[in-house]
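Working notes, structure below.
When the chains are written out, they are named A, B and C in that same order, and each has its own residue count from 1.
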Amino acid sequence: MAERPQPVARPQPHRDVAEARSVHEAPGPDTLLATRNLVIDVPGRTAGAPLDLTVNPGQCWGILGPNGAGKSTLLHTLAGLRDARAGRVELQGTPLAQHARRDLARGLGLVFQKHHDGFPATVLETALIGRHPYLRPWDIETAQDYTLARRALAEMDLSGMEDRLVDTLSGGERQRLAIATVLTQDPALLLLDEPTSQLDLHHQVAVLNRVRTIAAQAGRAAILVLHDVNLAARYCDHLLLLFPDGAACWGPTPTMLVPGALERLYNQSLSVGEIDGRPVFLPTIP
Amino acid sequence: MTRAFLLAIGVLLPASVLAVLVALAFGSVAIPMAELLAVFTDDASRLHSTLVLDLRLPRALAAFAAGGLLGIAGALMQVLLRNPLADPYVLGLSGGASVGALLAMLAGLSMFSVSVAAFAGALLSTVIVFGLAHGTGSWTPTRLLLTGVVVAAGWGAMISFILAVSPTAELPGMLYWLMGDVSHATNPYPAWGVLVLVVLLALPLGRTLNVLARGPMQAAALGVAVRPVEWSIYIAAALITATAVTQVGAVGFVGLIVPHMLRLIFGNDQRVILPASALAGGILLTLADTLARTIIAPEQLPVGVITAMLGVPVFLFLLYRSR
Amino acid sequence: MIKKSRTFTLAGSLLALLVPMMAAASPVTVEDDGGHELRLDQPAQRIVSLAPHITEVVYAVGAGDRLVGATQYSDYPPEAADLPRVGGYSRIDLERVLKLEPDLIIAWRSGNAGSQIERLRDLGIPVYVSEPRRFEGVASSMRRIARLAGTAAAGDAAAQDFLDRIEALRDEYAHRPPVRVFYQVWEQPLMTINDQHLIAEAIEVCGGDNVFGHLDRLVPRMDREAVIEADPEVIIGGGMGEDRPDWVRAWERWEDLTAVQRDNLFFIAPSLLQRHTPRIAEGTALMCEKLERARLRRPDR
């Protein structure tokens, strides 16, 4: 009889390097966002490690993980747009469900990975909807709202495009517009789902610099889903690794940048270098 | 937003008054302008004041109210489904109303009962479409639209069935109803009440609809209570359509074309589009009905034929010219 | 009036018993209203009627016992209600027609589907196409259908009786002072008739003047304000059933109308006016009576 087929060779994790260990931090009185035994609802996944995250003001968190690990699902759950399977999310010490939707939109703002533009709208109109949570039904946007929107557009390098129709923008411009909208919304906690995926290098750096500056302000923080380990290592002070099987670990960035853990995360062997005293990871080419 | 709003209202409000005046001035009986003015100062002949005040005025007002309701219902549906193709017709509301009305006619009921049956039919269709589109999972605009289209096709088959089994004498009345006919709308004031109420309610909701037009997730992230708002819109649109259809029969195209044309001109701020749709829909149906009364006077055409013949080329032209 | 017609039908039926014996087995040739020449080797024994008014005419010419099938709403004379049905006149059930094995089909050109008439003809069944226009056409139809059914004598007599009754009304009323009449076929939509219509001839016989007689369409859909401007002296409603529809009284809302002021809002059952049968003589008599009532209500009298 023929030989039994051998399993396809998989990259061997570096077993000699220690696994990353989660660093649990108890929420304090200033804590912006905390999750308690949170299990997110990823379709088709039966198990999932409960998450006990504590995001304090001034922090910038990066979420890393392969496709389908539930990064976007987690972000949506943190924003209260999706029910968790178990556990709860607290914003400023109060469970999300007890916040009015409008108040929640002032506490946290989310930039989606995909952008739906049902009907044609201009760039300025699109940025301006960020003011929606602050306006009562009969209110009309004030000059100050316009100033905020224009400033956000300028920060995202979109000045002069105010009257362009959104559907004429390039992918990168559209992404910067989505970020400008959340900057206009001006929430305490920024949730960004792959904010740099369509940006050129210059704009990636510009966006991440801006996000980090905001997160450093009093009472603010940011959580970003990123695909680039090195950018995450540069800009985020905390990392959350989401594994495809539902396992997770999180903690300050230096404790998470363990080559073995990252290789298991992406199912990809990595070569580690060092620039400016920080580790840099590149895929190993066989 | 303020500039577009003032521009739209500044153009459409005088145009509305003008449309009603045109409807008062023209008909199968020619009334000179001086006589027409005299009607309002009580110096006119009894015939002329009867024609203008008792026949043309209620009819023009009924056409305006029904057109306005259809326009605003279309605008609401399009935001709800985030699809410029949505209108009461496509979603089966008019079909349900038509089946109700035809069944009442077949049973030989009075015109009032026909209106009630049309109203009930529209609501029934709403419940069916929304209930089925909701199904066991969550409803998406595509699913709702698809359900509506299929239910509308079902109503269409029932309409054909009713027409096939009806006695010949009933057919002209049924066909006129299906093509839209303002002539039996004698009391326009309930529809006006609904129209004013809807515009007043829609105005403060406009910005929320702007946000909702960008998708339910984005809207929720910006603080919109998506599910209650969507239900309210759908129920409102159903009630509005039912009221309009009860007045003038199954007039097509107004709900589809009016909001779209306005978007091409004034942009896509619902705070502008909703009131503008009410006014422009009213203008369109008032003028269309005036044409229906005068083109082959003293005979009449069904107004739905005119709205389609006016609406389709204008719509295609604007669409062709737009970016 | 109704009593008289009953006797007349009875007389026709009696004649029908006698006539076939005399005319049996001789071929008949007749031209129908479509210009078709129809030749039967012997008078038809099994007739299918494709319209209510045709059923009525066949009975009126004493050939009712030859009818083996009729369309829906063939409700006069009452015994017609027992005939096997072959569908509505606009959609004939061809299989049922064939099953009845007719040797003559009488069709209605403006009511039946042309393709169905053709189909029956292609199947080799003689089809007589009827399309009576004026009173004279009703009489001529009666004579020709009677010939095909072998009841020529009864048919001629019935046709002559019909024409005589019309002529008597004409002599009596046609030259009286004209009355301006609005005949309302239907309310939703508002429909009337022009002068080409059979009802217009009834109006004319009675000395009436159809206010919309000049329009092009046979059954025009009207704008209400045109009716109000025309200010007819009499409004006659038709409708569908045997009872006056509500919308005849609804004209009372327009109090300035002459017809309303003089209470000249009348109803004549459409079965007596809208069908091309000898019964239209009854409807015409009613029409003349109403118009005469209107003349008596003139203030200058």
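Please note the rule applied: contacts are C-beta pairs under 8 Å (C-beta built on N, C-alpha and C of every residue); 3 or more make two chains touch, one makes a residue touch a chain.
What you see is a predicted model; the values in this text were computed from it and never measured.
Undergrad: Per-chain C-alpha centres versus the global one: which chain is nearest?
TA: Closest to the centre of all protein C-alpha atoms: chain B.
Undergrad: Which chain maximises the distance between its CA centroid and that of subunit A?
TA: Most distant chain from subunit A: C.
Undergrad: Between subunit A and subunit B, what's the gap in Å when you average each chain's C-alpha atoms?
TA: Inter-chain centre distance comes to 45 Å.
Undergrad: How many angstrom lie between the CA centroids of subunit B and subunit C, rounded to a whole number?
TA: 42
Undergrad: Nearest whole angstrom, what separates the Cα centre of subunit A from the Cα centre of subunit C?
TA: Subunit A and subunit C have C-alpha centres separated by 83 Å.
Undergrad: Under the touch definition given earlier, write down the residues of subunit C that touch subunit B in their complex.
TA: Against subunit B, subunit C makes touches at 73, 88-91, 186-191, 212, 215, 217, 220-226, 228-229, 231, 239-240, 246, 254, 256, 270.
Undergrad: Across the complex, what residues on subunit B touch subunit C?
TA: Result: residues 27-29, 46-47, 50-51, 54-56, 110-111, 164, 167-170, 172-173, 176-177, 181, 183-184, 293, 297-302 of subunit B touch subunit C.
Undergrad: Can you tell me which positions in subunit A touch subunit B when the two form their complex?
TA: Within the complex, subunit A contacts subunit B at residues 76, 79-81, 101-106, 109-110, 112, 115-122, 125-126, 129-130, 132-133, 135, 137-138, 140-141, 165, 168, 185.
Undergrad: Quick one: in the complex, what on subunit B touches subunit A?
TA: Result: residues 1-2, 78-79, 82-84, 203-205, 207-208, 210-211, 213-215, 217-218, 220-225, 263, 267-269, 323 of subunit B touch subunit A.
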